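Below is one structure. I have some questions about it.
Labels for the chains are A, B, C and D, by order of writing; each one numbers its residues from 1.
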């Protein structure tokens, strides 16, 4: 595995994550997420965790993707979600969210730079994993920001999934693909899947009940 | 978990795992054959707390039990000390009570049997998750159990299927997931730093420093979100207000506390000396007490009052952090006992209170406080239960809340940390304010009578028993506390 | 008398009236509705009889009751015997008199007047109760019993004063009660203080302890004034002229004859009279008492002659006479050496005044309802006690002679002179009384006479007799001065002559030109000033209370407004909850950041470790 | 029966009665009455048994640990049993009264249940052996009286209940904090272990003084010391038996009893005197006495007047405590009982007037003596006792207070006593005057506000008997004060045995 390949993969992951999170056109965002998950599976494969790659491909990409599209609703089905997110947020709060995400990023970064060298992690692997670490940090921060920023429930689900993937990347990047990490990520993947399925189903129900796509209630929703 | 064992398991271990794994199986069985009466539920469930009692006895005689599983190269650790055993016992009792209550609730609220059948496997899953959390001794098991608990809890919250419940459940789901990711991030950092997942090894391998600190901060934030500590409590109240009564009871009593338990375990092992951060947690707890109390005073629906009271009461638990961080052994011992006694007392009382409130709402058919007028005449038992539970929440004698508050005060005064004394006093008065607000509404005599739906007697009885247990724990606190003291702190 | 017998006799004497009192509601309950029982019958009249027998039959004796209050201690001795005898006799005779006096009420009650029936029942109940209080205080040697007797007598006596229920009676009763409560307070203060410093529970111990205690004179002052309310010390006598005219005549008689003497007995029992060891301050107290006594003796006479109601005149005469007694008691403090002899004179004087005043009061009733006696006989009989009171006859003469000799021997001529001047006043008062009665009698004779054999005239005659013959039956040691030699008579009788002359002169002047002064001097003198002052005080206090109330109201309103504001602010705050709910994710990041910062930089510790 | 068992049985009697009453249906009038009276009688005899045992030197203790270094202690000592005797005697009478009073009114089950709890707490207070146990029952008392105060469920009653809770719960918190500080400072102090605090170093003295006042404030709310008395007159909206119990035995007495325990059994009278705490107590008590009397004078209704009178009278107990000396102590302890007897009489009578004739205001009382002679007689006895006239018990208290004040070198207290007596006379005598000497409806003047004719006697027998009985008790306890087992004798015994400095 070359460093440049890693860098490319990492960069691609970040770009996909960003496009998934920033796109207001929801089907496209979902598609971006599936691509992102597939890339993740590739990353696992290359890290030497084939089972994890398989799990990611099946659960992260396939099943979660299905769940997301179910949440979106097929155009022909009963009361599909509008494909575009029209929810806006007041501008003046944006800096706070950015700041919070950046601080979070900084904290995680500080911790990450403090971690290597202290434990049993092999030095050779370390270098190769560094881009992954950076990508993981960036994806995590992006995901967190998006989770705080978006109102639309589907986008929040996406943000949560991206955030989770970021954390998994960090986990693997920090401790290597050891069995503990694989266990944690596996559990995390399962949880994410169940959460996404549940979330998507709930979104459908909520939308069917009173047409809402956000959690906001009452007059404060869209100032 | 059908993994090869390291050594032939001891009888205790077998009993423990049976007790842990029986509920999901029972839950699945109940899914297929939903129970229609309380008695079978009680009969089937009673062996579990008895087994735990026996285990506690063994623990008190021979010290804590521990062990490990090997699973595909992973070593998963568990241990059962006095604290875990007591919490397990508490969990089983509460689960049993809410299971029994749920049978009556289904009948009284006329929930379709098919809808309700889903409750049972979820309950079993929740029971297993909680049990695992108490006995888990490594982060992976903890993570898995935490997630299992969160998802089953969300599932149970969604069961009523109303718009409110779905909305609140959705919010809960999102925040619970994000909270666990924050926790996972912290775990990742810890794992990276030490390469260990088992708590004992982690405590031994970690050294205080920036990495541990940041990891704990991230992890704590996630857990605080899941534990609904101010200001991250926003999801709690809508969830409680819209869920079925046995579910709210379990959730308020146990689920939020599991997160607190994990946080406490890690904090004590990894950053016991982080005084300033502990004070921040104490401060958050204080704010929770105030905020929860004030909100409860202004809430207009009965279940909301109870839910807000949970927010406030959880704040007391947070006071443990500053009292344990960097204080003398005497203070720490006091605070340690106080915290778990408060947790247990609150769990019992809160469950009882939710059930009593549920009974009031269900029987009266109203949910607003002002509509409660005349309830004292028509539903004296439910109101009485509410009152007894409230005694514990207010921390008035002879309840567990009182004894816990006495210990907390003693610890705070001994440590010279006077702000917490003020918080305790103000919190008590706020609690009294909202509790007696309910009574003031219920005692009004001049009111139009409305029809009262008769409830199964067992529903009142279960709630009353729980409330009385919380009351009795006040003066009978010596036995559990002695177990705790013997065990010492991690 | 043996102790055992005494132990039986003394409680009997005290309980008998109470038993008779308890009989009243029983009788009332047993009587048919609408046919009230004759509550005041012969048996009822015998209430003081055991006490009288006790007083006359027992020389000395004491009885200890451990279970009673703080330990009861009842005793009989010379002074007590004399006063007890006179008191019991007067109550007995007045009780008999009351049978006749209240016959009219009974008739009304039988005729169906509920009010009359209630009044009658009340009288029948309270008369023996007052009596038992009066008796108890005379035999009590422990402070608690004494105070009990005094209080019972005082408060039960209120019922006798307001018997008729008219507005005048209400006023009189009010004056009586207000002054009595004031007196009780002063007595309680004095007793507590004295007994507390002496550490005793008996009157004897109190007397001895007080003489030497620091501040003893102040205790003495409290007790003097406290008992002085009852004894009509000047300034505290206000209730006498108001209560006497309105009370039923037999009640007036015992009020003035017996109950006033309770005040005197209080002084004798508590003040360290004749104690040579008493501190210097007591001498000053004695001087103050002396001045007050003489002022009362003369001032009351001057004011009294301007009264129009015979009972009011008699009440002022009581004030005047008690002033003289006060002056004599004061000599016990000023000149302790004289006291052994003087005390006899004081008791004699008190006994004489008690019975004689009783006779006079009963005589007022006789004047209003004259019996079938020839006019000259009736008027002689009415004049006899008057003359006796001025010191010209019988017991009066003996009493006057008794103290005069003692004072002369002690060298206090000035005091004697002042007392003689007071006697002039007494003469004038008596003349005025008889004049007023004459007026009433003329009116009454037109309305018709009543038979002699009714209880009223008989009781009156018996009282008269007892009063006049007092020195012969009361006890030898009290009259050891004997009778004055003829040569001393002019010295004793000139006040009478002077008083008579003055009265006749005034009468003459008044016939020529009517004196208006009587209109402007109402009975009760200072009381009306006090009432006026009290009214003004009340108006002022009401005003300030109202102001205070409005201030408090504003204060409360302010707090209520603040509470409302606080609740509004709270509601505003609770709306912040929505914000918290929406921003939980950001808040989680914030919390994590805060925790991490504190972990990294705050390890030194903000909080006290 | 062993000592511990006897204690538990005594405490349990009313507790069990309360629980059983809660379990009985509302209609079960006879069963409830039977249980009530039976339990009251059993308890009274158990307490009498303990009194007998104590006077023969028996010990009654039971304890178990609640926390490390903190025990739940029940112990019957002379002082405690005195209060227990009072509460069980008056419970019996009040129960009788309440049965008559609440006839045909709703929520009787709730009433009697909490009534039993209230008495159980009072008994617990009297038998508590340390501050922790005391606090447990003290707070329990607050809780169990609340439903009684708001029993009528009117908005006025609910408001009064709110005020009541505000005062008592805040005070309870203050008390708890103070007790915890004391616990931290000196460990678990059993009542009677006076040396623990006395032996603390001089540097602890200021803290002890501060703590003392915190605890006094905590007790003072229930004892209605000015300015913490605000709840008491408002609590008058409660039914008459509740007022009677509140004023005579349970709540105000609990506060006063707490002060007694604090001064005599925790700090010790000598330490309190050394720290200069007693003088402050005397001043507070004097102010309360006079203030209460003055306020009572201004009331136009009977029950508020009695309420303010309570404010004034309960402070006699505090005053007696403050007078460092045996006589003052005797006064304090005996007044604990005396005031209970007299005040409960007055409240019973006030309740009788209200029930039978609908009388609430004082000026409606004209001539009531003729209509209700026995009630009025009982009222007269109580009122005269309050004024401090012999032979009613009030005189004894006043006497010992006065002489105690002289002994303590505070003669000015006598002025307070006399002024209070005069004020008492000023607000009670007009009432008596109206009762007996004014013509009223029975003399053909006017009409009663709401006459009900509850029984063949002047009113319902259940209402009449307790009032007359307590009046008799207060009369007899005064007249026979020298007899053994009279309140005064017992107080003297307590003082001689334990508190003589």
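The rule we apply is simple: a contact is a pair of C-beta atoms (placed from the backbone, for glycine too) under 8 Å apart; a residue touches a chain by one contact, two chains touch by 3 or more.
Remember, predicted model here, so these are calculated numbers, not experimental data.
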- Each chain counted as touching chain A and chain D at once: B, C
- Message: Can you tell me which chain is nearest the middle of the complex, judged by mean CA position?
- Response: D
- Query: When the centre of a chain is set as the mean of its C-alpha atoms, what distance in Å lies between chain B and chain C?
  - Reply: 77
- Mean-CA-position distance for chain D and chain B (Å): 42
- With chain centres taken as the means of their Cα atoms, state the distance from chain A to chain C in Å. 102
- Query: Just how far, in Å, is the C-alpha centre of chain D from the one of chain C?
  - Reply: 36
- Item | Sequence positions of chain D contacting 2 or more other chains | none
- Query: If you look at chain B, which of its residues touch at least two other chains?
  - Reply: 171, 178, 210, 214, 217-218
- Please list all residues of chain A that touch 2 or more other chains. 104, 107, 144, 147, 215
- Can you identify all of the chain pairs that touch? A-B, A-C, B-C, B-D, C-D
- Message: For the complex, give me every residue of chain C touching chain D.
- Response: 25, 65-72, 114-115, 118, 122, 144-145, 147-148, 151, 155, 158-159, 162, 165, 173, 177, 181-182, 184-186, 188-189, 192-193, 195-197, 199, 215, 545
- Considering the complex alone, what residue numbers of chain D touch chain C? 298, 370, 373, 384, 388-391, 395-396, 398-399, 402-407, 411, 414-415, 417-419, 421-422, 425-426, 429, 433, 436-437, 439, 442-444, 478-483
- Counting only contacts in the complex, chain C reaches chain A at residues 578, 582-583, 585-586, 589-590, 592-593, 596
- In their complex, what parts of chain B are in touch with chain D? 333, 337, 376-377, 380, 384, 387, 391, 394, 396-398, 402-403, 405-407, 409-410, 413-414, 421, 425, 428-429, 432, 436, 439-440, 443-446, 474-475, 477-478, 481-482, 485
- Message: Give the list of chain B residues in touch with chain C in this complex.
- Response: 171, 175, 178-179, 182, 208, 210, 213-214, 216-218, 220-222, 224-225, 231-235, 271, 273-281, 284, 294-295, 297-298, 322, 326-327, 415-417
